[in-house]
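Following: one structure in structure tokens, then a few remarks.
As written, the chains take the letters A, B, C, D and E, and residue 1 is the first residue of each chain.
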Amino acid sequence: MALLDLKDVNAAYGRIQILHDVSLHVNEKEVVAVIGPNGAGKSTTFKIIMGFINYLGGEIEFDSQNIVGFRPDQILGRGLGYVPQGRIVFNQMTVKENLEMGAYIERDQKKIDESMDYVFTLFPRLGERQKQLGGTMSGGEQQMLAMGRALMTRPKMIMLDEPSLGLSPRFVTEVFEKIVSLAKEGLTIMLVEQNAARALEISDRGYVLELGRNRYQGGGHELLNNQEVKMMYLGGG
Amino acid sequence: MKKSFVLILGFALALTAAPFVEKSHAMDKVSLGIAISQTGRYAEPAGRMVNSYKLYVDQVNAGKGWNGKKIDFILLDDKSDKQTSIKLYEKLITQDKVNLTIGPYSSGITDAVANVLERYKYPTMAPGASSGIIWKKGRKYLFNIIAIAQDYQKGAIHIARDIGVKKIAIVGEDSLFPRQSAEGAVEWAKKLGLEVVLNENYPRKQTDFTALLQKIKARRAEALISNSYFADAAAQIRQLRELNINLKIFAGTVGPGLPKFAKQLGDTAEYVLGFSQWEPKPAILKRPGMKEFIAAYKKRYGVNPNYHAGQSYASLQIFGDAVAKAGSADRDKVWKALRTMKTTTVIGPWKVDDTNLNQHEGLTFQILNGERKIVWPKKISEVPYKLPMPNWKERGKN
Amino acid sequence: MQEKAEIRSKYWLALFLVAAYTVPFGIGIYTDNVFFDLQWLADLTTVILNGIMQGGVYAMFAVGLTLIFGVMRIINVAHGELVMLGAYLTWMFFFYVGIDPLLALFLTLPIAFVIGVLIQKLLLNAVVGGPELTPLLITFGLGLTIIHIVEAIFTTDYRTIPYAPDALQISESINIGRSKIISFVMASFISISVFFFLKIHRIGKAIRATAQNADVAMVCGINIFHIYMITSGLAAALAVAGGALVSIQFGFNPETGVLYTLQAFAIIVLGGRGHYIGALIGGVMLAVIESLISFMIPNGTAMVEIASYGMMVFVLLIRPRGLMGPKEN
Amino acid sequence: MADAEIALDIQNLKKYFGGIKAVDGCTFQVPKGQISGLIGPNGSGKTTTFNLLTGVLAADSGEVLYNGENIVGLRPYEIFNRGISRTFQITRIYREMTVFENMLSASSMKVPLREARARAEQLMEFVTLTKLRGEYGGNLSYGQQKLLEFARALMTDPDLILLDEPAAGVNRTLLNNLLDHIHHLQEEQGKTVLIVEHDMNVIMNHCEKVFVLDYGVKIAEGLPEDIQTNEEVIEAYFGHK
Amino acid sequence: MGQNEHLRNFGMLAVLIIILCVLPSNINLYQRSVILFTMMYVILSLSWNIISGYTGYVSFGHVMFYGIGAYATGILVVDYGWHWIATLGVGVFVSFVVSLCIGFPVLRLKGPYFAIAMLGAAEGTRVVATVWESLTHGGEGIGLPNVENSFETYFAMLVVMLATIIVSYWVGHSRFGIRLNAIREDEIAAESLGINTTFYKLSAFALSAIFPAAAGGIQAYKILYIDPETEFFILVTIYMKLFAMFGGKGTVIGPILGTFILYIVQEITWVKFPTAHLIAFGVFIVLVARFMPRGLMGYAIDKGWARKGMVH
């Protein structure tokens, strides 16, 4: 059964329409990659789901409920976590505070502590550096922190926007390893990636967008080996 | 829609014509105009003056009027602003065509509007102005009533000399009236052989004087001559106490004369010297009509009149006498009458010299047990002054 | 190159501050206002201590301004008017009901909080994130309105609340007013409480998070409009508390607010816009400079205002982020 | 090809934002009288490079030679006055000024008003905005704004035109029109054009030479066809396993 | 088509001039004063409009130039015995120099920081006028010799107003004005498209500084008494700003319209409701900023009753 379901979604930044009738769905416990060349509307898809930008039409359902018009905190409350692009953490706050902010909607201190332990077991490095300011961490650590923060509410599903953007190769590998291990624990994951090859490799399924439209879809490995998809990145495909 | 927009614009522009409608006054009345601060920073003292004006006008209108004519009292608000005040006197003179005018409140504004009054030859009483400089510009139509600012600290400095003070500090707000008062204080100090160790001004909105007072202490001044209004005088005496600076004399000008000074400051206000043009004490001052005026004022407004109220009432009494003597409200005749006549008001005798200055003698009082007691000049003093001020520590705790 | 400019601006600011502190001494020596004896040193100490006490109160309401700026990038030019309003509220409770000015805080602070929330809800929420000048004009108009409403009710009379009038003797010749010390202690207490609220409390942390990045805060499930209102309420409460503490020391009338706005703004520019500790340090530094100028320069009291304005303009020019403010991009 | 004259010689250009190396020693030469493309994945430093070339950002180090003169450190208007004009990724038309005023604003004050007006009319005609000349820039559709920005950049008849994503948000017909005009400028008047674009079709079909940036460094340059098959480029774009 | 429009506008201006020239001898002193001060505020709001309306740098301290003008006249007439007309030139010159000195650093600040730095600069100038006693007579103020001056000042103000209107009209219908607008709309784009923003901002600032100086000088001679509190009164800046914003900043007719309506409305209302009108002004600023940021003219333009833009 589809946990997240988008049907014919249209969206715009101000006056520019970015998405044209985009449809996609994510089943429970699935890893789905959304890929495509620059300007394909991948990140926009996430932002429309979270309610950040102008919604023009179409249906967005999460957990069998229409979430169009919900505020981000309400969507989060339904169990959909989101890690925005650019590994933005709260620079002037410690790792621990960053994680606490992730659990802002949770008021039960015991549950927060449990989530915190859970995140620390997932990302031991965060546990070691609880007191460090977010802004002083390395890029890879910040990405871990951003992911950990999104996991604090113990969501059913998380959306990762370009988790490997701007990271050095060593950290890229580490980030993808973490994603795989999260998936193994049964978390539903949707990710947008520039690094299409890496993303498709770990995904059950993938969607390819181009200029705000659905272009291809299929199994992760199927798309990975599709020459047309590869060529699309450099035109003429 | 466009039509209505144009209509609204048209209406708004038509409104702009309103200032151009001239009024004319009935001939059977004497119109008396004033623009005074009902809002803005001078609203409070000016308000007491307005009280007196209304009282006087109602009294006269209930009686025989001026030469049988009722008074038409036109009251405008100058927002404590010079530009507005000038405009308003021009309005009173050329648009409302009043017969006589009374001056506004504060020396600065009076100095500004005096030019217009002079040009239009309007004999004007100036109960709201005390800076001597206003009368040093050869003006013929503005009449002084009260003691000039230069003499506000005369009593305090005499007392200082009498109790053996050698060094005094003079501070004051940086505006026309306090500076005139300071100028007088410096002159009196020179005459009486006191050394002025500090003479400084501070801006109008100043509330924190700790550094200034500490500076006074560092200069070893024994007395502080403060040419101040209410807020700054109150702040200074409070902060003297806070800093435990023990001076022999603290002499304010306008501030201590207000009833709220003693009321709000409690025993901090004790022993403070202040200056007053007049006090509602008929038993001591013995001016004619004083008792009746005080009673009527108190009945109508619930409080005793202070000197602002007294001097403004007096100014209308003088006008009344002048109109009676001139036989009409004709400005030229009234002016001639004012220049030559001699009369007595609730605040004392009135007769001007060539420069239109009246020799009114003010008085210096001291706050004792929360009451203002006249202590100088000696001939009208109620009680002997109690000075030097006792140390702060020796005072009873609040 | 950017790093170099950064370091250069730091040196300029340091130089400026050193000059700000030493010039009064220089002029003082030149004009014979400095005497090298113990008595004078005691006087100087008193003046500086007074400045610090004063600065504590300034800092408290400046912190309110910096909070609003940090969270919403709005400069609330009606902040000083809220200080003035606080003084009047305290005065009313004191004179009409007879409540001790400090106890009255328990009543005035909730009122202030509600006022802050209402201002935010009715006027500012709609313009957060829009053109920067709109909120400036709106709060400016609001300030004007508050001044004249208060004036219509209370007139322009100066009012004071006599409170703890005596001096606390620290040594033979160093005395400080009790009301000043009480104010300073209260201001410190409130500032530190707010600091810990921001540091420890869940909502306090959310306020900091929103200030750092509103978008991510939203992603974390923080309703930022809710946070805006709480911030505004908190800032108004700090302003009103400042008013209460000012009212037991000084006279006030409806116009005094403007001065406090400029002072608070000078403080947050110096300390670093949006920076909490910066505002506290800035407040004390500014007040001390003001005291020194007033104490040592002939007619210095008149020049005190120049200190605030000059400080503000200079710091904006040489180092817009002030002492500890975050870097602007 | 190799001996084509050089319009813009970029040498070792660097720009760091704090710890982020946005442009990290970028070196390439834009050939004169040709249309070149500048491509790269997200965050590779294309727009930053544009901003460095036009003086909007100050470079940390490096040189940009234009007609033999180093233009690094000049203010943007000085660079513009030397004949380098540009458009922006997210349009920066003047929203509360009319289309006509937008056009006039870019004309040199030395050109008589009459001439400036005539040129503005001509360019508006060309980008089909004449009907909208009295409309506020902010009221135009995004595509129209793009066209306006393009036309505005041509007001002073610049020699070098930098276009930042001209295709984004513009409909196909208009886009083709625009590209035709760019070709026309290049062919007839010998203008140099440098395009940053996401739409690979535009780059592949219209550029004679392509530069590829990744992590703020030029990783490849050459003919479009060569670039398409360059392994390093594919990896930069598509990622590696 | 542009020609006809200019002709029509100048025709309207000519009619206004004729009315304003004939009027003073037929009305009384007070009415002359009301018109004089209305004209003064037209000058002030139009000047404010040049820097703040066209260029978008909202000044909260423009009263400083007005004060400088007033003081130049006061000092030169009283202490140096100059003819008052000559002093206006000095006021304008000093204002011009001061505007360059202050403008160069302060115009580097953006938005609210510029606004507040200007507020600080104006208050600072007021303090200087208070403290520099040897030049300005300090807080005691300067009293000028008493003369009848209502006609002279009226016509002087008229001339300065005409100059301001003509310059504003030129700014509002030239490429110079367009460039200022471009800076308001997007400074980075403007700079990238060949506009030397420093030069244009500074020019606009200087232009907006010289007319208030002349108006301040004339006003000082009209009032015959100046002191720092009045001449650097913050309310003057508020009026400039409000009148221009209400009429529609960034247009020529807007500030004129705004001044005529609001100044005279307040002239009528404050007599009856002394405090209420200031409360109303505060509310008014809030409402205009919130709901009608482009003023009456902006409203008219949106409704299609006036053309968009300044050059057609």
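What to note about this one:
Methods note: a contact is a pair of C-beta atoms (placed from the backbone, for glycine too) under 8 Å apart; a residue touches a chain by one contact, two chains touch by 3 or more.
Note that the coordinates shown come from a computational prediction; the quantities given were computed from them, not determined experimentally.
When the partners of chain A are compared with those of chain E, the chains appearing in both lists are C, D. Common neighbours of chain B and chain C (chains touching each): E. Farthest from chain C, judged by the mean position of CA atoms in each chain, is D. Of the two chain pairs examined here, A-C and C-E, it is C-E that is joined by more C-beta pairs in contact.
Using the average of C-alpha coordinates as each chain's centre, B ends up farthest from chain A. Here the spacing of chain D and chain E, counted between their Cα centres, is 42 Å.
Per-chain CA centroids place chain A at a distance of 76 Å from chain B. Averaged C-alpha coordinates put the centre of chain A at 33 Å from the centre of chain D. Annotation: 74 Å between the Cα-based centres of chain B and chain D.
For chain C, the set of residues that touch two or more other chains comprises 151, 299, 302, 305. For chain E, residues that reach two or more other chains under the stated contact definition are 127, 130, 275, 278. Looking at chain B, residues 39, 174, 201, 203 sit in touch with two or more other chains.
Only residues 50, 52, 71-73, 76-77, 82, 84, 88-93, 97, 100-102, 104-105, 149-150, 153 of chain A touch chain C when the two sit together in their complex.
Chain contact summary for the complex, chain A toward chain D: residues 14-17, 37-39, 162, 165-166, 193-199, 201, 211, 230-231, 233-236.
Chain D meets chain A in the complex at residues 20, 41-43, 141-142, 145, 165, 168-169, 198-201, 203-204, 224, 227-228, 233-234, 237-241.
Looking at the complex, you find that chain D touches chain E at residues 54-56, 75-77, 80-81, 85-86, 88, 92-98, 100-101, 104-109, 113, 116, 134-136, 152-153, 156. Contact residues of chain B toward chain E in the complex are 1-2, 5, 9, 12-13, 15-16, 18-20, 22, 38-39, 76-77, 79, 81-83, 86-87, 90-91, 93-95, 108, 111-112, 114-116, 118-120, 133, 137, 139, 173-176, 179-180, 201, 203-204.
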